[in-house]
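Once you scroll down, you'll see the structures, which are given as structure tokens.
Note that chain A is present in both complexes that follow, paired respectively with chain B and with chain C.
Showing the complex of A and B:
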């Protein structure tokens, strides 16, 4: 009995050691970037390295946003606004289209249903860089290069398949009988949808929205080729501006990286439960 | 909307198509038509600097040229090797992590949340993060190795042919292992307990239980993860673009970075579109393969999963 307990204890310690190593590998690279964002530039280049920042400051953030000090050459505030506008607009539109499409897949039987679903998914497999070539050629003819609208349209199309997939899964989990009962009681199908099914699927739809937002927020392959200036450049594209200079401003770049990470971290935290449920239900139960 | 709804049968029949219309229109205009246009372009000698070359039909010459081009084949081969190594490592690590976290009772939710973060990182940030980690002069890795006395020189992680490819695969694995870990963990949670108990009573070893009960049950989840991954394998473009830009001297060039270089930097759009089509077919084949596997596994499980 004693021996078994000891074995169990050792096993538990082994598990924790493995988990600890795993977490270090997962967290240290990101943590290093975050720490660097708070260092003065001299400390970044110091030899031997300074592990924990000795003089942490917000100077790097002040510099990229031009608050109190001169702004660095890279117009981060403009990029930030572009990213926000493009991501929010494309998410809102993709959600509307996705709700309507997801509802159709979840609640109706129709011809070519499986074929259409496969078609939606296949459209998502096209590599961003491969899609960027024809879109670049067409957009440059109709004046959508270096325009926020140009990116918004592309991101809506990028997000629609996945949004439909997720929302389809969430609607499927709501028993059909509920809206049927409401219709028997005199609701139209439209009213039944808004009063019964939509409120129940709301949190799932919200997480589909967060996922779409992050896709747009993080996208690079298309954005880097369809944007040119502060009119439309987004944060991920702007990050590369730092490397175009002869000496890389690691501290400034890290501060900008932190700005890009923060929304992703917060939103991931909010969405995690629904995302896993949505992916597995959508995928396994079909 | 209309005050007087059409007859019931008519509504039911056409509603799904009307509901799907916005999605179909968007995808036709932003994905399908551009792809048809790029298919056409791949048969022309189109160069960005000479607009009239868009109408210069050259037949299969672009394809002949890329298929006889050494740079194309080495980028293609490197992409295949890159994907094979990355996906297998991601699957094995993800499986290990899922089994590990499944065993842990205290702090499991926190661990799961931390696991989600790399999934949500912008690939461009993952690339930047590892460009910084692997930097030969100020990177944390070389600094750590030197502080521990394991190495005295600066190891050129992103310059050496093998090390640079290793660094890129490492970044890719770091970014995408959690897709496998999280989905397989969801699979482990959904697993019925009875067969496990029965197998233990019958005297199966833990390995036999894993091999013949746990693993088959997890297969649909593996295929979901593979399908999801196949949708975004091309995100590796972002990582490589930041970390090495395909260099030094094309040593880390993947198919996707080669497309960008040919199309935008060298302005040979026709040829770039021909390559893009190869990459599209690669992605579609990949997705289709895992999707059919998923359907088959789902049938095999009898919808139990």
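Showing the complex of A and C:
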């Protein structure tokens, strides 16, 4: 008969094994992309697979930027700038709307409040791609196809329900007495928001920002419909430049994917401490 | 500096009226306690004074100025909240100095006033901590400190002690009273606890269902309640209220037992009037165990159901005319359930209310 301690130990080991398997499932594709970015194209499709690149090189990156090879460079800098402008602008706008909306939902009573909130959530149930045709038709009428502004508007619309929902939750956790105390202490409502409520909700707003940024940064389906040229094509859409009529440059595509991942990783690391900074609400008895 | 005047103040939420035109004059430096059961409109009234709720009708003035349309920051009041509402991302020092900083006082003034408040409340050792690192009592003290640094016209307290445990509550109650003696300012204090009201107030305002029932000094409200609600709300254990009828100069209970109508109330009742006879437990004492020798007293033999010894006194549960009543035994001895004791009813302390209106028959 097994004793309790052994059982507990086996259970713990089982959990670790499960965790390991899940992590492998999550991490290996990413790892594979990174490894592939450093291999020659021939090695990518080799059978049996070559796990560790035998001749790691930066050739794929060089090819993308057109350094020292005869291949035409892919306009990565233009795509990168497009992605950056579109993602940052749409995130900033979505956050601004999300903060106003989230604050309003958390603090004020108004007519149709629940209905509006539900409506925002329901808008999330429609897959973005399902709207691509109507959006395409409208955008082509008003000249927003192949324009950064066109994508920015779409991404703001995509992100606002989520940012409102997330930020509403954070403002709700802050007792309204905080803002009242600040108002009695001499603040205008606006000051009370910026000096008390905003700093307390900062971590929530940062998380909403990260999510909005990553959504815009990584979005492919809508962008591929609404962009045409280096005027507006984003990095994920640029990945398709590696497909020719008969061949796909997997290694080059992977190198490009690495280029896309890096800024997102950097940003996430920068904001990470805000995501974790669990503000302890000591000002109010729990 | 600042008296506070409420004139016909009404509060409505949509169509629901929760405060029905109350009038109240609070004198300069007076400590006024609004007390009543939950939902009586006391907190709403306080929040209207603070400017955190709109005033639906009537006027509120602080000093000579009508403040109805002034935002909280222009009313020169400070408020202590039930949950303290300290700013969690600031140290104690920053919490205390926040209002002065907003008012753009210079750093030296802020430091001086913050240190002065910290000194009064004994917060010196805690200045660099954040609210999360403080105990309940310390947070309470910081909240009070934040209120006093600004030298406001009036302090508003919204149930400031109800989040504390019983022992700390008594201690902080004393501190609030001491604070008021040190920092002479008008105070409006809201509580549902009648003991807090009695111990702290210069004047008590008893509220119920959005109306003011009675305004008076603690002793006045205790000794001369105007109606059965005030009689039962103020005082612990509550006053015994027994339905009876006036017949031939006596108060006859439903079981036929009777006591004479107290001499001072004789000409205020009519023959056949349905009344409620009120007597505090302190005035229903076993013979020889009263506070003082009763002047005008009646004697009744009552069966004991239960006794609760408290040390200096024992609370005795009995029935009068089928209704539970409580008496007190001072200088107590052991009392067993089922025992029958002879009680003195201190008739000069007894109250008579009209059964229909609930109002006292005594006018003065």
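Here are a few things to note about the model shown:
Keep this in mind: the second predicted complex is superposed on the first by the 235 of 286 C-alpha atoms of A that agree within 3 Å, B and C clash if a C-alpha of one lies under 4 Å from a C-alpha of the other, contacts with A are read in each partner's own complex, and residues count from 1 in each chain.
Here is the rule we use: contacts are C-beta pairs under 8 Å (C-beta built on N, C-alpha and C of every residue); 3 or more make two chains touch, one makes a residue touch a chain.
Since this is a predicted model, take the numbers as computed values, not measurements.
Residue contacts after overlaying the shared chain place A:251 against neither chain B nor chain C. Annotation for chain A, partner touching more residues between chain B and chain C: B.
Using the contact criterion defined above for the overlaid structures, shared-chain residue A:101 touches chain B, although it does not reach chain C. Shared-chain residue A:259: touches no atom of chain B or chain C.
By the touch criterion defined above, A:201 reaches neither chain B nor chain C.
Legend: residue contacts after superposition of the two complexes on their common chain; A:184 is shown touching chain C, with no touch to chain B. Legend: residue contacts after superposition of the two complexes on their common chain; A:175 is shown touching chain C, with no touch to chain B.
By the document's definition of touching, neither partner reaches A:37: not chain B, not chain C.
By the touch criterion defined above, A:220 reaches chain B but does not reach chain C.
Contacts of chain A with chain B, set against its contacts with chain C after fitting on chain A, overlap at residues 188, 279-280, 283-285. By the touch criterion stated above, chain C contacts chain A in their complex at residues 50-52, 71-73, 77-79, 81-89, 98-99, 102-103, 130-134, 136, 139, 146, 150, 163. Those residues of chain B lying in contact with chain A across their complex are 1, 5, 12, 15-17, 19-20, 22-24, 26-27, 29-32, 34-35, 37-38, 41, 46, 97, 100-101, 103-104, 111-125, 128-130, 132-133, 138, 140, 143, 146-147, 174, 182-183, 186-187, 190, 220-221, 224, 227-228, 230-231, 233-235, 237-238, 241-242, 256, 259-260, 263-264, 269, 272-273, 276-277, 279-280, 283-284, 286-288, 291, 294-295, 298, 303, 305. Put simply, chain A touches chain C in their complex at residues 175, 177-178, 180-189, 191, 195-196, 199-200, 279-285. For chain A in complex with chain B, the residues that touch the partner chain are 15-16, 18-19, 22-23, 25-30, 32-33, 36, 44-45, 48-49, 96-98, 100-101, 103-105, 108, 110, 113, 116, 118-131, 133-138, 153-154, 156-157, 160-162, 164, 188, 190, 214, 217-221, 224-225, 236, 239-240, 243, 250, 253-254, 257, 260-261, 264-265, 267-269, 272, 275-277, 279-280, 283-286.
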